[in-house]
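Both complexes shown next keep chain A, but they swap its partner, so chain B is in the first and chain C is in the second.
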Partner chain A sequence: MRGKVSYLIAFIILLLACWLAMGLGSHQGQIRFDAAWLFQLDQADELQRNVLLIWRGPRVIAALLVGAALAMAGLLLQGVTRNPLADPYLLGISGGAGLAVVLFRGLAIFQGADWWLTPIVALLGATLANFAVLYLSRGSGGRVTVLGLILGGVVINAFCAALMSFMLARFDPFHLRVTTLWLAGGISFAPWTQLLVVGAFVFAAWLYLRMRAHQLNAFALGGAGAKSVGVDSERLLLRSALLASFLAAIGVSLAGLLGYVGLIVPHVVRLVVGRDFRRTLTLSAVLGASLLLLADTAARLAFAPEELPVGVLTAIMGCPVLLILLRAQLKGKR
Partner chain B sequence: MSVVPLSVAQLAWGYEAPLIEGLELSLAPGELVAIVGPNGVGKSTLLRTLAGEISPLAGTVLLQGESAAGLSAPERARRVAVLAQDGRPDDLLRVGELVELGRTPHLGLWGTLSEDDRRIVDDALNACQLLNLRNRLLAQVSGGEQQRARFAMAVAQQSPLLLLDEPANHLDLRRRYELFELIKKLREELGVAVIAVLHDLAEAYRQADRVFVLARGAAECVLATDPNRLQKLATAFEVPSSRLPF
Partner chain C sequence: MLYNFQRTVLVGLLLVQFTACRSNDRSAVRAQSNGESVQIVDDLGQQVKLAKPARRIVALSPSNVEILFAVGCGERVVLRDKLSNYPPQVEKIDATDGFRLSAEHIAGYSPDLVLLSHADLSRIAALRALGIAVASFDPRSVQQVARNIVAVGALCGARKKALGLAAKLRSDVQNLSRMAQAFQRKMVYVELDGSDPLKPWTAGPGSFVQQLINLAGGKNVGHRLSRPYAQISVEEVIASKPQVAVLTVSKPGSGKEVLAKRPGWTLLASLPREQVVDDSRAPLLTRPGPRLVQGLRALIEALHPQLRGRVP
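And now, the complex of A and B:
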């Protein structure tokens, strides 16, 4: 019952977030969104159509996909490492993806093939960073430790930031500004084709994780314990790490370095419905999508017509959550 | 004809070099074999090998007539359940959630618990007297209650073979008695075969049909009626037989 009510509330929040994001903007005086209006696009004028279908529509979809991807990546990492502080941004996975993209753009190979190559490059960077941090954070008995994870993330982030600064120093002023804004985290323009491809991948990732949800639950027993209830924990851990990198890379390629969505959302969801992946997965995806869309709408409106990078807002929301969690962890486990 | 839950031939186990070689063991349904021996001799490693968690260095382990190495992870878990000595489930798991995890190898694609699964979980909780604790976090229950919850999870797995590594750890006298009564019930009513690593030698002889005494480099089966058992135990534990606790 609690689960069904939670789903209902999550979907209402999602619809509300979409309605606000489509209806509000620096042109809100002229563009009023009405659900029925979507079905009468023929009668809309050029300006309305352009704003809603070319600018706001793709941006809404991009925010939803990135939010869902980052929340699922955080949930997955927290589950398999048995560590509530795991998040693609804190662990340096997003940093690795960002560095790979900056290197790729800086070296200016394959100009024009950007929209489909960027995610691949980001995935490579994310995967390398993910395996590096998981390797660095292993304590005795191969178990991932809180301290190891945080310090591993700090090292990887510092390394990526240093290399990115080096590359950015070589960019011309225009590319420097574009890339800096992208790194600060912002939903950028994305063509419908890219959104369709990314949407299919995010859905496929959700489907795979949903089918593995009961096995992911077994990670609460530790690697050996999961094996004893019939879960091939080593294989699933490897696939989960790859999938988390993949989801983080999707986030980075569409929205730059966006932190804390993967940290905040799974925690809120677990507080409400418990730790069962079969429930938390879908709820995290829906609420992650809603949170990022609301944050992006706020970022668009706060200083309109100027835009605030949405990464600034997610960091402002996420830092207190991180501090509270870190304090609880250090108190509980010394 | 009932299927033999476990059959072991010429087994050598260990991590790099074998701890013990040449173990022969066949378990009938409902039988309990206790394993005793000094610390570090390889008792837990033997259980982990029998469970398919680590590969044997030589020999074969057959679960219901099929090689454990050739079985998929869920198929293996349907044939053998393990209560490990050092299992540390997440403290933030609830007792009921932990026991539900025992049903993992039986679940379908979407991992939904059927009515039958729920009944089996309830029965396991009830048998271990945990029904009133099902919504409590593991962090909020005692060490003994955690141990019972882990045992209930292994019971909910409904495998014909149960491997228990020091199952009476953290349990007071009454709970220890109840645990062995429950094991007896599982053996007699459901024909579950059990291998248990036990520290209490008297308990091992009281509960088990056979006792395997492991010494450095050797394994020997001892029956409770064997006149030489004290000498064998004394040799295994490297103490004078007069100092043995029974």
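And now, the complex of A and C:
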């Protein structure tokens, strides 16, 4: 029962977020989105069509996809590391993806690269960073420790940040100006084809995880418990790390370095519906999408017509949550 | 009716400002009568003293380099910043990064004067500690450009020429602006960086280019921003229906052609060529140097077709 109600509420929040994001604009309320346009697009004027098809529409979809991807990545990482503090941003996975993209653009290996190349490069960086952190965080007996994760994340993040600063300092500032903005985290323009492909990937990731949900639930029982139901922990960890890197890379390639979405959302979801991965997965995806969309809309409107990088907002929301979680963890350990 | 009244008040205020500043010139420069020594106050409010006019000058902003050439001291520039590109002969002068200065590198050119525009106090202190005179100018208005010209002229011993240049700059701007105020104000969109076409960087209140737009009888699309430079929502840009676009070019191939490729920008991409200020003319509007008059002229011609070909 509680499950059904929470799904309902989550979807209502999602619809509400979409309606707000589509309906609110920066231009003193002059461009109002009206659902009626959808049915008479041929009669809409150019401004209205632009709002729907180019300015707000794709941005809303991009925010939804990135939010869902980051929340799922966070949930997955938290599940397989058995640690509520895991998040693609905190663990340096996004940093790795970011560094890869900055190196790629800075060295200009492929000038004028297509939109599909950035995500591939980001995926490479994310995977490398993810495995580096997991390797660093292994304590005795191969168990991933909290301390190891946090420290590993700090080290990888610091390393990536330093190399990115180096690239930005070394190379022509104009050449990498896009990159500088992008590092702050912000949803920018994406063509419909890209959104379609990314959407298909995010959906596939959701489907895959949904089918593996029982394994992840078993994994949560711990090594022995997992083994008793026939789950190969090592393989599951490896696959999950890859999938989390993949989801984080999607986030980075569409929205830059955006933190804390993957941290806040799964935590809130677990508070409400418990630890069953089957439920938390879908709810995290839906709520992550809504949260990022609301944050992006706020970033668009707070100082309109000026635009803020949405990463600033997610960090402002996320840091207190991180502090509370960290505090609870440390207390629990004592 | 009210509109006309406002316009008259605006023109009046502009004129008052100019006349007020005319007397400011000389106060900024207190050239000592005994010998050649010169003393000025720069935009940071710091006193800059030279025992005799500067012979070897390091100029680290495009506007300072242009001013030095305009007052006839161009051949004394021993080091410039990478962005300086006018007049063409500056290409032969050694170049360095104007933002990340190395005091040691600069000192290696044994200059007696360093001119900056992006003030970084710790680096200025480092240069001063080496006994090098440093003056920083960051003009944000036509008036301040004129002051900058006079001060730089004084420092390199071309005070008379600089005063003449500043006076001409003022009267040219005044005449052009008076012409332009007679027409209806049109919206002008300035693009500084459009890498993210959903939220391009533009200029707002307090920027040099917004003042030029007002003087040219236009209205800046970014006038509601809270800062001189910020990212603006594309919806605001298109919905304010700009009739003139100023596109600063940061890499070859940008400009009007790029607008045409951007989805949702047809309104701006379909502006007639005469209503777009781009290529080499755009930096004239964002660079606070002596050529701002040419930039203002280009903007007025783009804004007021009635004046095309008749602007002096």
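Odds and ends about this structure:
Following the convention adopted for this analysis, the second predicted complex is superposed on the first by the 325 of 334 C-alpha atoms of A that agree within 3 Å, B and C clash if a C-alpha of one lies under 4 Å from a C-alpha of the other, contacts with A are read in each partner's own complex, and residues count from 1 in each chain.
Definition applied: a contact is a pair of C-beta atoms (placed from the backbone, for glycine too) under 8 Å apart; a residue touches a chain by one contact, two chains touch by 3 or more.
These figures come from a predicted structure and were not determined experimentally.
Applying the stated clash criterion after superposition on chain A shows that chain B and chain C can sit side by side. Legend: residue contacts after superposition of the two complexes on their common chain; A:Asp276 is shown touching chain B, with no touch to chain C. In the superposition on chain A, A:Ala161 makes contact with neither chain B nor chain C.
Looking at the shared chain after the overlay, A:Glu46 reaches chain C, while chain B stays out of its contact range.
Counted by residues of chain A touched, the larger count belongs to C, out of chain B and chain C. In the superposed pair of complexes, A:Leu242 makes contact with neither chain B nor chain C. Once the two structures are overlaid on chain A, chain A sits at the apex of an angle of 160° toward chain B and chain C, using CA centres and rounding to a multiple of 10.
Following the chain A superposition, chain B and chain C show a smallest Cα-Cα distance of 41 angstrom.
Those residues of chain A whose C-beta lies close enough to touch chain B in the complex are 82, 210-211, 213-215, 217-218, 220-222, 224-225, 227-232, 274-276, 278. Taken together, the chain A residues at the contact with chain C in this complex read 25-27, 30-31, 46-47, 50-51, 53-56, 59, 169, 173-175, 177-178, 181, 186-189, 191, 300, 303-307. Those residues of chain B that touch chain A in the complex are listed here as 48, 51, 53, 73-78, 81-82, 84, 87-90, 92-94, 97-98, 101-102, 104-105, 107, 109-112, 153, 157.
Considering their complex, residues 99-100, 193, 195-199, 222, 224-227, 230-236, 238-240, 250-251, 263-264, 266-267 of chain C touch chain A.
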